[in-house]
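In what follows, a structure is listed as structure tokens, so that the remarks can point back to it.
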Amino acid sequence: MTDTLQTGRAVSRPPDHTGPRPVPFRGGGFRPTTNRWAGALVFVLIVAFVEIGLRAGWISKLTLPLPSDVFATFVQLYESGLLWKHLIPSLTRFVVGATLGALAGIGVGTLIGLFGLARAGLVPLVAALFPVPKIALLPLFVIWFGIGEGSKYALIALGTFTPMVVATYGAVDNVDRTLIRMGQSFGLSWGSIVRKIVLPGAMPGILSGLRIGLAIAIILLVAAEMLGAQYGIGAYILEAGSLYDLERLFAGVVILSVLGVATSAVVAWVERRVLRWRS
Amino acid sequence: QGRAIKVGALRFTSHAPTFIAMERGYFAEAGLEVEPVFFQAAQPMAVAIAAGDVDYAMTSITGGLISLAQKGAVKVFGGALSEEQGIPGQSILTSGAAMEAGVTSPAGLDGRRWGMTTAGSSFHYMGAKVAEAEGIGLEFVPLQKVPAVIGALRTGQVDAWAIVPHIASGLVASGEVHEIGRIADYLPGYQVTTMFGSTANVADRELTQAWLDAMARAITDYNATMIDRASGEAGVQDMVSLLAPYVYPDRTPEEAAGPIVAGTMRINEGAALNVASVRDQLDWFQSEGLVDASIAFEDLVDTSYVESVGA
Amino acid sequence: MDLRVEGLTHRYGETRVLDDISLEIPAGRIVCVVGPSGCGKSTLLRMLGGLERPERGQVLQVGAPPEGCLNPLTYVFQDFALLPWRDVAGNVRLALEDHRLPDREAIIDDVLARTRLSEFARALPRQLSGGMKQRVAIARALAVRPAVMLMDEPLSALDAQTRELLMDDLIGLWIRERFTAVYVTHNLAEAVRLGHRVVVLSRRPGRVREIVEIDAPLQGRGAMEDVQAHLWGLMRDEARAADAELLT
Amino acid sequence: MTDTLQTGRAVSRPPDHTGPRPVPFRGGGFRPTTNRWAGALVFVLIVAFVEIGLRAGWISKLTLPLPSDVFATFVQLYESGLLWKHLIPSLTRFVVGATLGALAGIGVGTLIGLFGLARAGLVPLVAALFPVPKIALLPLFVIWFGIGEGSKYALIALGTFTPMVVATYGAVDNVDRTLIRMGQSFGLSWGSIVRKIVLPGAMPGILSGLRIGLAIAIILLVAAEMLGAQYGIGAYILEAGSLYDLERLFAGVVILSVLGVATSAVVAWVERRVLRWRS
Amino acid sequence: MDLRVEGLTHRYGETRVLDDISLEIPAGRIVCVVGPSGCGKSTLLRMLGGLERPERGQVLQVGAPPEGCLNPLTYVFQDFALLPWRDVAGNVRLALEDHRLPDREAIIDDVLARTRLSEFARALPRQLSGGMKQRVAIARALAVRPAVMLMDEPLSALDAQTRELLMDDLIGLWIRERFTAVYVTHNLAEAVRLGHRVVVLSRRPGRVREIVEIDAPLQGRGAMEDVQAHLWGLMRDEARAADAELLT
């Protein structure tokens, strides 16, 4: 990229010869490139670095677990069947909570987008709710929904709800007004306009809100499982954390991270399918 | 078929009576079908009772418990674990670093950091009482969870802490942490844990009495076997193998035996309640502003079920 | 069905946009509206179609719309206004879905054939060139058998060559169907090629400056340089002034 | 809005009379409106509803505190000077942590946006880090940074870092390529293009990422103050939670919520100033 | 300074875009390039200015750029490419900032005056009409005293009236300065008004189909309907075919 700089400068100085010479190249660069292999390589390098550092002793054993031990923990977790015992309740909580929260969020967001009254009343409420840390509300959730699954679903749903509301009404607001005007000019009913123009037009925004909502839902798994969960990835991590069992802590964190990356890949896949009409 | 109830429990030796009553069928004989609900800490247990998820539980008096009692949600009606001079109760521990800096007794802790889970926990109360008795000042550091306090103590990020004997013995044995005193010396007769339930359940005399009766039988078994050694070593072995799966589910009974025996503390016969100690705890919470000053003793405790001692 | 505009006046906040516009749009003719940027042409057209309420004055329909007309006043927009998530046939269908029709698909096939789009029925808007997109929009407008087509600079988002081609198409269409239209444009060449009548508006607030009747038949009209020059003479200075205005 | 529907239908039926009649109106609606007063009104209504419900007894005292008590708690907090004692450490942690995280995030995001190598190596890493719940890492942070301020800054910084990276490189990618091509065509140096075109062009995206980053930083205050914080709004909330003191819990939550709304207002103000060039 | 294009050939992936283009761009003249959509006009222009490397063939500069020339090959883009966060003067300044110049502000004042923008020096792009924006882009191009101006449909984002006005401006500018330019357009009217030479490209892959020399002086040229008709005859069918192609 530095040669852009140099040729750029060269052009701006009058040349000392006047014979025909090629026009210097000064374009290129500034193009996002992707390379999946390099990403994997970086992971491998980091893991190798930590492994060697810990074995050689120039990384303290207190600060990080041996990657190979984390892997062994993971294998053991898998072989003992405990992996599923932890994963299934967590996935259930994630799916139920996030679905409830996302549906409610999309519904409320659409109402806000369509009705001035809902907007005036609810937007400040959602704005006030957004920065409230959900862990702070844990004791209340237990009273409201009990220590069973109810409070966990509710916590995750609440976490998914607020970003979905914000994303949805933003998306509805951003639907091309000429398309709506077109619908009106053809005498479409209000319901038709909402179903056929507003909602599909808001879909890209809703899906990108879903990405954030689901990431937050995964993050809240741990908070949700702080209360009264014996099984679950979050409970596993919390237990490992409170015992300073770094191997298990990392194994759990890796599981959540994989879950997050997988969720985001699923959303990307849905986007590609549902939004095939985009360029 | 017995009446189904849920009992909150921690995987601690101090909850032995619940496990004994379950294993030996005392609950069933009292007409109760008990399902244990395990918690990681005392605090959420009180909230779970208030929410109606759990019927009875046994744990220390905390600020949260008192607040919920004030809102008419829970009530204390019996005592359990007590400090008693002569029995190795809760220990006061100090970190290796503090020891090296010359802390050899609680009196030397002036201005140092005392670990606790949360403000208003029993750790907070004990630290405050020790400080009061020694005339020293302590800085209280909330760390949310017992293991976090242990970690902070081992790495010298807090200087002192008080904890039940089975945990203390393990820590002291590791050599990183040192014992510098006993809580029993500062708070003789300290009512460490109490029995409580939702106000509605406590009002149900028949149910509560049934539960208490079963627990009282288990307490007698426990004290006789573990403290008075009425059945000798064999009895202790039996008891350990009964408790081990509850208290240390991921250890073998042999591994569990040591800490279970070391963790033995007297549990009040007949679930008698040390009213004076409870009153002192309430007074302290109120004087610290941790709970509302308007709460009366009667809001917290129903003394009609068990014998009051120490008053 | 004719349209009659009577004393239309409108303001947005403090800005006067239209000032006492009166017009006749006779059935079967194309009325072109030209005027400098921001003089209120689009606003006028929105009022003609009932999408906006004028502050003063009114727009009247005179006579009944023709038999079978589903949407008497139908727009063709500058930016096509196609739903990007529907294919060509789906975009045409949109205009018909709210009506109970026995022969919906037949109508769609028919209008696509008339706009030479039959083979693109399954294509998505993003696959189409600008000219094709506008042909889809015209097909959609034809599908509802409008009494009056309201066209807001329908060619100005297209490149010059495509514009040329579409103008030919529109002329061919008019010759076959004699539709009524109000055609807003900046382009005087378009106005003199397509208009039976050219309404020249002044700068904002838009007033009717002159109405030029063009008698020559649409087919075989040339560039009519004299008429263009006359129109340009009317507008040049105002266009320059409008161009040099700071927007807010 | 329903009259759109009706007039729309009316137009599509041939009328029975043929005299001149006005063109029916079928536009309007679908315009976002805002009404600050309605928002305030809804707040007041909710507060009044809860207050009356609790006093009348048809809301259980266990589930919510009396709003008037929350207010009294707040006044007391203010008058006793404790408000500042809690607010100042939290604000310090918020400001220091969020600043560190945001600066690092913008820096790394810009590198990813500009250099293919950085992109290939770091994007998967950030994607893996994003869904990791920061509370899970708390024990690790304590080991790495102690229970003092270090671990709190680090936790908040990490929480701000990942969304800032994602927002920044997305914004850099979205900078209009014709502007960059224009810069190259005038022979601008690489540095000039980055400074004068890429970074200002990415500013809107960076600022909207900052909104999310700062909201997360506030949410993480509570998690950060779980370990070893005696003062701080998060510590105050946690203490109130463990004492089941709903008045104080809500007072704390309201403070965080106000902090969040205020932060978002500050970002909006900065956006209006810095992005005045947008319509 | 002249430009010489020799056997330029280019492919994007599988798509052949340009096929063996050879051209001369003599100093002091305006060479217009016309051709149907997607035939590679913009690609050709990018290669002329060194923004893209051709697969085969080359672009040569013949002779030295004039004294004081800061950027011999300077673009004017269709979408103006103004930095929205800089005011008019700032946008012009951008092109000069990488050069050490004693009289930078004087140059800016001068080019703004020449494009009649002096009073808008502090206005932001969003406040300007399209025509004014393009005048700013032209002012910026003039500021670096280019040897050749490369203009990619500079007027096609403007409305017809503004286009008319700017065309007059460009003609006036050329008469005073005799700049060299390659002017890509779809609009044959523009090509015959502005071009000394019109290069007609075929559909993709772009080949030189014909080069039409127009000898009439720029000032006072009419619509030259015969030349336009000739050009349109060359392109009509290809334009129609290009328009009906599905994009991917």
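Lettered A, B, C, D and E in written order, each chain numbered from 1.
FYI, contacts are C-beta pairs under 8 Å (C-beta built on N, C-alpha and C of every residue); 3 or more make two chains touch, one makes a residue touch a chain.
Everything numeric in this text was worked out from a predicted model, so none of it was measured.
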item: Subunit D reached from subunit C - shortest hop count over touching chains; value: 1
item: Pair of chains joined by more contacts [C-beta pairs], A-C or A-B; value: A-C
item: Distance between the centres, which are taken as Cα means, of subunit D and subunit B, whole angstrom; value: 42
item: CA centroid of subunit C to CA centroid of subunit E, Å; value: 31
item: Multi-chain contact sites of subunit D, meaning residues that touch two or more partners; value: 8-9, 11-12, 26-27, 62, 139, 143, 181, 184-185, 187-189, 238, 242, 244
item: Residue list for subunit B, restricted to those that touch at least two other chains; value: 47, 50-51, 148, 151
item: Residues of subunit C engaged with two or more neighbouring chains; value: 49, 51, 70-71, 73, 98, 126
item: Pairs of chains, among all present, that meet the touch criterion; value: A-B, A-C, A-D, A-E, B-D, C-D, C-E, D-E
item: Of all residues in subunit A, those that touch subunit B in their complex; value: 139, 142-144, 146-148, 227-228, 230, 238-239, 242-244
item: Subunit E contact footprint on subunit A (complex, rising order); value: 7-8, 11-12, 14-15, 18-28
item: Of subunit C, residues touching subunit D in the complex; value: 3-4, 46-53, 58-65, 67, 69-73, 98-99
item: Touching residues on subunit C, where the partner in the complex is subunit A; value: 49, 51, 70-71, 73-75, 77, 79, 81, 83-86, 94-95, 97-98, 124-126, 140, 144, 150
item: Subunit E-facing residues of subunit C, complex; value: 36-37, 120, 123, 126-129, 131-132, 153, 156, 159-162, 164-165, 185-190, 222-223, 225, 232, 235-236, 239-240, 242-248
